[in-house]
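Each of the next two complexes has subunit A plus one other chain: subunit B in the first, subunit C in the second.
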Partner chain A sequence: MALKDVKPTRSELIALKKRIALSERGYKILKMKRDGLIIEFFKILEQAKDSRGMLGERYKKAQEMMAVANTVEGAIGVKTAAFSVQEVPDISLSSKNIMGVVVPEIEASKVKKGLIDRGYGLLGTTSVIDETASAFEDLVEAIIESAEIESTMKKLLDEIESTKRRVNALEFKVIPELTEARDFIKMRLDEMERDELSRLKKIKAHSG
Partner chain B sequence: MYKFTVVTDPDTAAGFRLAGVEVIEVDGPEGARKIIPDLLFRDDTGIIAVNEDYMQVLDDKLMSKIEKTYRPIIIPIPIQKRGVGGVSYVERLLRRAIGYNIVLRR
Partner chain C sequence: MEISVIGSSEFILGFRLAGIRNTYAAVTEEDLVHIITRVLDDGITGILVLESRDMNRVPLRLQATLENSVKPTVIAIGAEEGGMSLRERIKRSVGVDLWK
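And now, the complex of A and B:
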């Protein structure tokens, strides 16, 4: 609100005072929300660190198993077994609420499979294939877990960002402008009062 | 019910197939760059896992789109490979939102 748009009237002053009070209350609440979100975020960050570490380890292990399988069975053998796997892991997404932020909750079923459910012939392959498959199943599990954590983080970060922006807008833009307008009106009203007073005195001196 | 899709190199692809997930083989980051934008529009996919080094060649516009979409969730698989340094994608998000550069270490 630019200063020249402000009408120096008493009712405007009252309205402004109300708006300032409201903005300040909103500012306080938003600030608390921001801090709360950040605390929540750091909790998730801890989990994210763990899950990323686990993901890295499992990836390495899966990669190693893959190399072994390729050596033992040959690349073709591994691929043959791979293409005969029928069971597909199912993922369902639901949501939960962290401080007003809706975050996804991922649930996966049929990631871990038993030997028989995998689909390739047990007699035609060695146990290396089984181990490789289970290593990759572990990896997929880890990916799903960290996908949940990471998308939670993403959502929280988004919310933190927009809350931060609002807090800053209130603190540095809205509230200062409102106070400035209020001070301006106060000054003008005082000025007008003094004007009026001196006019009265003058009239009185003139008539008396 | 959503599908789990992996975008990876041909070497690792067979492994993910063993785990029963859908795999899209690409040869190198270039291939990934071509295929990922299409994947973003697929409605039946819940999670897309992409090799981390493939994520790094995506341009900023696509990255910001990935950061904004919530389904499918795109997640980089951390690959220990030499020469793949740089700021990881979570750290980039962090720096933007909090204003501090937080290094995830473990």
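And now, the complex of A and C:
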């Protein structure tokens, strides 16, 4: 708000005081929200680090198993088994609310499968294929867990960023400008009052 | 909601063994960009799995879209890159590097 646009009237002063009070209340609430979000973020951060670590380990193991399977069964054998798998992991998505931020909750079923459920023939393949499939099923489980945690983190980070921006805008832009306008009106009103007083004194001196 | 996997044929083979049907083999950069864009817009993919190596091959603009995407959530595996993008975001949002 530029000072030249401010009308130095009493009603404007009252309106400004109300706006300042509202902005200060909003500022305090948003600051509390930001702090709350950061606390929630800290809780999820540890989980995210753990799940990333686990994901890395399982990926490494799955790759090793795949290399072994390729050696034992040959590329064609592994491909035949892979393309015979019928059971598809079932993933459902729901949501939960963390301090006003809607975050996804991912539930998965049929990721880990029994030997018979996988769909490839047991007689034509060796146990290496089973172990490889099992390693990749573990990896998919880790991916699902990571996806839930990381998308929660991304959403929380977005909300923290926008709340921080709002808090900063109120603290460094809105409230100082409103305060400046309020002080300006106060000064102008005082000045007008002094003008009026000296004018009255002059009139009184002339009439006396 | 489904899981989609994009990458080299060796990368996606293991996921087929785990029962994931939406696997797409991409060899060239053009293929990769084309398939990723298609999967991002298909509306049924909830989790998109990529190899970190491939993540670095796509144009920066698409990389940023993938890093910020929530549905589908993009998981890059194979190196620390997946964590690195989050690390940058944490630094930007919180102001401190907490991913150590």
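Some observations on this one:
Throughout what follows, the second predicted complex is superposed on the first by the 208 of 208 C-alpha atoms of A that agree within 3 Å, B and C clash if a C-alpha of one lies under 4 Å from a C-alpha of the other, contacts with A are read in each partner's own complex, and residues count from 1 in each chain.
Here, contacts are C-beta pairs under 8 Å (C-beta built on N, C-alpha and C of every residue); 3 or more make two chains touch, one makes a residue touch a chain.
Every value quoted in this text rests on a predicted model; they were computed, and no experiment measured them.
Once the two complexes are laid over each other on the shared chain, residue contacts for A:40 go to neither subunit B nor subunit C.
By the touch criterion defined above, A:66 reaches both subunit B and subunit C.
By the touch criterion defined above, A:50 reaches subunit B but does not reach subunit C.
Legend: residue contacts after superposition of the two complexes on their common chain; A:113 is shown touching both subunit B and subunit C.
The interface of subunit A with subunit B overlaps its interface with subunit C at residues 38, 41, 45, 48-49, 52, 55-56, 59, 62-63, 66, 78-79, 81-83, 85-89, 91-93, 104, 106, 110-111, 113, 118, 129, 132-133, 135-137, 139-140, 143-144, 146-147, 150-151, 153-155, 157-158, 160-161, 164. Every residue of subunit A that touches subunit B in the complex is listed here, in rising order: 38, 41, 45, 48-50, 52-53, 55-56, 59-60, 62-63, 65-66, 69, 75, 78-79, 81-83, 85-93, 104, 106, 108, 110-111, 113, 118, 129, 132-133, 135-137, 139-140, 143-144, 146-147, 150-151, 153-155, 157-158, 160-161, 164. Residues 1-3, 10, 13-21, 46-47, 49, 68, 70-71, 73, 75, 77-78, 82-83, 86, 89-90, 92-94, 98-99 of subunit C are the ones that touch subunit A when the two sit in their complex. Across the interface of their complex, subunit A is touched by residues 1-4, 11-22, 46-47, 49, 67, 70-71, 73, 75, 77-80, 90, 93-94, 96-98, 102, 104-106 of subunit B. Touching subunit C in their complex are the following residues of subunit A: 38, 41-42, 45, 48-49, 52, 55-56, 59, 62-63, 66, 78-79, 81-83, 85-89, 91-93, 104, 106, 110-111, 113, 118, 129, 132-133, 135-137, 139-140, 143-144, 146-148, 150-151, 153-155, 157-158, 160-161, 164.
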